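Only one structure is covered here, and it is reproduced in the block below.
Chains: A, B, C and D, in written order; residue numbering restarts at 1 for each.
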Amino acid sequence: MALNEEQLIAMYRALAGSRSAEHEITELNKQGVLSGHHSGLGHEAIGVGVGFAVRPDDCVQMSHRSGMMLAHARGGYSLSDAVLSQFGQAPSHYAQTEGGPRTCSIVGLVGTWVPMSVGIAMADRFRGKDTVTVTFFGDGAANEGAVHEAMNLAGTRRLPIVFVIENNGFAVSMPTSEATAAEDFASRAAGYGMPGVTVDGHDALAVYEVATQALARARAGRGPTLVEAVITRWEPHAQGIADLRSAEEMAEARIRDGAQILRAALIERGLLDEAAAAAIQAQIDEEIRAACEQGQSTKHASAEPAPMTPEAAAALTYA
Amino acid sequence: MALNEEQLIAMYRALAGSRSAEHEITELNKQGVLSGHHSGLGHEAIGVGVGFAVRPDDCVQMSHRSGMMLAHARGGYSLSDAVLSQFGQAPSHYAQTEGGPRTCSIVGLVGTWVPMSVGIAMADRFRGKDTVTVTFFGDGAANEGAVHEAMNLAGTRRLPIVFVIENNGFAVSMPTSEATAAEDFASRAAGYGMPGVTVDGHDALAVYEVATQALARARAGRGPTLVEAVITRWEPHAQGIADLRSAEEMAEARIRDGAQILRAALIERGLLDEAAAAAIQAQIDEEIRAACEQGQSTKHASAEPAPMTPEAAAALTYA
Amino acid sequence: MTETLYIQAINQALHEEMERDAEVIVIGLDVARQGGLFGATRKLYDRFGADRVIDTPISEAGFTGAAIGMAMEGMRPVVEIQFADFVTVAFDQLSTVAAKMHFMTRGATHVPLVVRMPYGVNVSGEGYMTGAGPHHSQSPENWFCHVAGLKVVMPSSPADALGLLKSAIRDENPVMFFEQKGLYYTSRAEIPDGEHLVPLGRAQVKRTGSDVTVIATGAMVMQAIAVAEKLDADGISLEIVDPRTLVPLDRETILTSVAKTGRAVITHEAPATAGFGAEISAVIAEHGFADLKAPIRRVCALDMPVPPGSMVRATMPTQGRIEAAVRELL
Amino acid sequence: MTETLYIQAINQALHEEMERDAEVIVIGLDVARQGGLFGATRKLYDRFGADRVIDTPISEAGFTGAAIGMAMEGMRPVVEIQFADFVTVAFDQLSTVAAKMHFMTRGATHVPLVVRMPYGVNVSGEGYMTGAGPHHSQSPENWFCHVAGLKVVMPSSPADALGLLKSAIRDENPVMFFEQKGLYYTSRAEIPDGEHLVPLGRAQVKRTGSDVTVIATGAMVMQAIAVAEKLDADGISLEIVDPRTLVPLDRETILTSVAKTGRAVITHEAPATAGFGAEISAVIAEHGFADLKAPIRRVCALDMPVPPGSMVRATMPTQGRIEAAVRELL
């Protein structure tokens, strides 16, 4: 399923927009306007590539890196939403929105959510749906036991699921090269009887291609695929955590740039020129600017909340 | 390190003896004299092959299948001990005995003990020892998350450890072919950056060879190895649990017989003849007979134990 | 009324609920062809097939997590953890995911999951594995009582096993269902004809009495009743309360009983320290204090791993220990 | 005496013990070059090197299990679990292996392991991650209190953090060491000069008083003291007891205090149901009953997941709630 011209432009729009929104959010964190963000800079092409490959009724479980880009690429989650959500004024991209593409909440422990994704694929299969579940996690999370169990289980049942590892070379301060002696994560797929593919995660079209194949395979009942998308983490793990890399290493991490790669590809194919790209960027900048303004202007001092009753607590906790 | 004649005969003695002891214990379970045994019939050549390859100061964590054979092959644990331990009249083969080869307790949850083995290898490395840790577990246990984490961790640190999977084709009622879609377990090694070897677990000499190489590699600081020893489970999972295999399947499982294979190999090499084998067997039978007699004759009705005090409980629980 | 074994009651509940609702499924180790290590899932595979009775690799976190995913999609999975002890490897899935999903999604997602766990010491000597030692005999219910978002159920009789399991399966929340495995093949009693549901969150007064309230869970209920019968002869009258559901706890039934007797003994199979008996005691000391005429006593296992073989008996809350505690209060 | 932050006290304890004993090592996520996410292991890597300050893959079960193996060999590993919440994935290793090894080997094998866990709500707003929601704010100490074979420690001040961590490292048993992460960068106080050891198993009377005993753990100790100071003005005198070690619990100090005041309020950060407060209450109701003049009150977090952001404050055991509970008893 090659993308047509319109879709390719839309993909570029989504990628450039995600980049800009992510850039802005990262900057607001550095300025101390916002706090605690896990910057997704560098990861955008993964979210966008997969976002264009999945169907709205496929269930996606996003990671803390490319999740926003993915929600945006799938549609229904504007750049404005992305920015405003950081100010607590729009729903998080993790949340299922009414009528929005099918999404599943993650949890705060990395790796822990992967078995749940497998269960969603089992439920869909049980109900005779032809949907696929796509579950994202990092290279660090991949070393958790729950991920192993989940992938093996998916293999045994040839489940309609795609595992996407966002390999950004680090887990906080731990270089991936020290966190596993494996040459790559795709090599783990054989141990679960599924194909494993390594793809350049900065290349949205390549990601799209690999994801499309994996989704088709899963939809056809031929079982899961492990996709390892290799990228670089441009920023520290999270705002407030020092990055141990040298300035040169940090700069090097930014050399491969998903937005530039796609832009160059579209320009080469004659689908985009500098003027058109600039026009897109201007729209993006305006949307983000407006959202930032709204976010900052209505940011209210959080009042001390009134004590909650045990009854209210129970109602929030139990169905 | 090829085994010399004397060692080969000793290996046969250990293998035939283990087989006979295991056979007797299994029978006593079927007769209801003993109960709850996880029969190791079919697994003997693994324990004996590895048992001859390890040094007394290598730390071995045994499984519930070939553990007794391994303890016996390493020395210091007689067939009589093996039988009497079943009557509660000799220490279990899992326990470290004073002056006996180095052994580490396992725990009742499969897979759970594998990280602990990795820690033992770390301790030995830390202390500058040239010892190796060998840890056994089953094909079923291999699907536990803790095993994944442990193998990956061992890979990253190139630890002196050998992982031995006793792949007997089943985990209770679950056929291995349904418990993983991987072609074999050795294929998982690549995902941890270590070599993986599949070996015929009925062939004690082949097991010895593979174990010797893995141990040498580990001792030389070249890191861990995953050894998958493929055998058949002759008996039901444990005494008291029905086996779902048909009578034909059960009979088929017994076709490959480690004791016969080694015996044939030694006869072919001219190291053993029927008469010598019979003499060995006669000694074995006598030792086991005597042990059974002793076990059964002194088997006492277990008296109602006196209530324990909290102080006694604390003394047993805390150092 | 039919005489039924505790394990048959479990099996019947699964049959009935799977018959009633096509999205009730069973998942775990050896639950399909083998019918469960203890036999609780017998015949389900023949009746409902491989799509609904699912054997898995030995991966408790993996399959419990998968069941959570199914439950989030609205199915009603019933997980069997082969021995309650093994839930430690799935603990994260239950406390991190299942318990908090309703809260995290602001009520949008329910997790109608049941986790069945054969727990405790098999003092009866019946069934698979007696005197099974530290890793096959534990009573870990209180870890789960301390995870907000989970419900915790512990039936002590065949009728309760049936009626509570059916209610647990119909509940919209994750329910930890503890089955005392020593009772599987020894507890035989009548169960009501027709559909039998026991609501979660309701204790039962198993026996009325006036001198001391004994709050007992699981297999300890029968032990307490035996003590009560013995003490009758001495003119000591025990009221026995079985909470049946630990979370949410039926405080009212317990407090009403203590208001009458003024004395409480609590007994369970888990070690005393930080066990559920402490919670019951704290509830009484907070809300029933004015009624109390004597200290609250706990009669539980000693604070130690469960010893193997018959040595376990030296460490258990025996009838003798319950009786002694009762007498101390009078 | 030197003014020291709680986190510096932890760091100092690690430095001193690693200096003293070459087989004390530190292992966990980002503990080496990064010096720990909260900074507790800063400078250890520079001083002691990669063999003794060990970064691992994200595999809590794997590296906790490995640490257990090292401890079984007689080394003294100190594990850092990055957030106490994450211990759920290593729970099996601690309860199945570490806790029971001494018993299983009939005393032959000790497990001198320490597991450091930054726990609780960071109400202070200082340090890494404030208002961190349901998976980065929990207080899971009571799960471990209910595992026989483990010890559980919870320091509330820099001096105790230093002295208890040093004792924990020297202990022959696995010790679960809970550090309240809101205190890391806000609790600053003097610590004694020279070697400072606080023995495990000894509570501390933080403040003497006559009307009500408040038993408080971790960050709640400071809250309780603030309440006491406020109530002084109204002529209400609170005695504050900090157990410091939850297992083994210093019952005597608690019971002595309650014998004097006749009233007890218990406060901790974990939800009330089946929390450690229940154990303390049960101990008092069993062994201090004769002294009690009023019900025993628990002031704890509500029974729910920890809400994100400032909403958490609505659910916490605040000073206001402690004060109200105290007044109810008088």
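Methods note: a contact is a pair of C-beta atoms (placed from the backbone, for glycine too) under 8 Å apart; a residue touches a chain by one contact, two chains touch by 3 or more.
Since the model is a prediction, treat every value here as computed from it, not as a measurement.
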Labels of chains that are neighbours to chain B and to chain D: A, C
Pair joined by the larger number of C-beta contacts - A-D, A-C: A-C
Mean-CA-position distance for chain D and chain A (Å): 37
Computed distance of Cα centres, chain C from chain A, in Å: 42
Between chain C and chain D, centroid-to-centroid distance (C-alpha), Å: 30
Computed distance of Cα centres, chain B from chain A, in Å: 46
Contacts with two or more other chains, residues of chain D listed in rising order: 56-57, 59, 61-62, 85, 88-89, 92, 96, 100, 103-104, 134-135, 148-149, 303-305
Chain B: positions in contact with at least two other chains: 107-109, 112, 143-146, 148-149, 152, 156, 178-180, 313, 316-317
Chain contact topology (line, ring, star, complete or other): complete
Touching residues (chain side chain B, partner chain A) in the complex: 143-149, 152, 155-156, 158, 178-183, 185, 187-188, 190-194, 223
Chain D residues within the chain C interface of the complex: 61, 85, 88-89, 91-92, 95-96, 99-100, 103-104, 134-135, 142-143, 145-146, 148-149, 247, 249, 270-271, 273-279, 281-282, 284-287, 289-290, 292, 294-298, 303-305, 307
Touch list for chain D against partner chain B, complex: 23, 25, 51, 56-57, 59, 61-75, 77, 92-93, 96-97, 100-110, 112, 148-149, 151, 172-173
List of chain B residues in touch with chain D within their complex: 95-96, 104-105, 107-109, 112-124, 126, 145-146, 148-150, 152-153, 156, 313, 316-319
Complex contacts: residues of chain D adjacent to chain A: 29-30, 32-34, 37, 55-62, 85-86, 88-89, 128-129, 133-136, 302-305, 309-311, 313-315, 318, 320-321
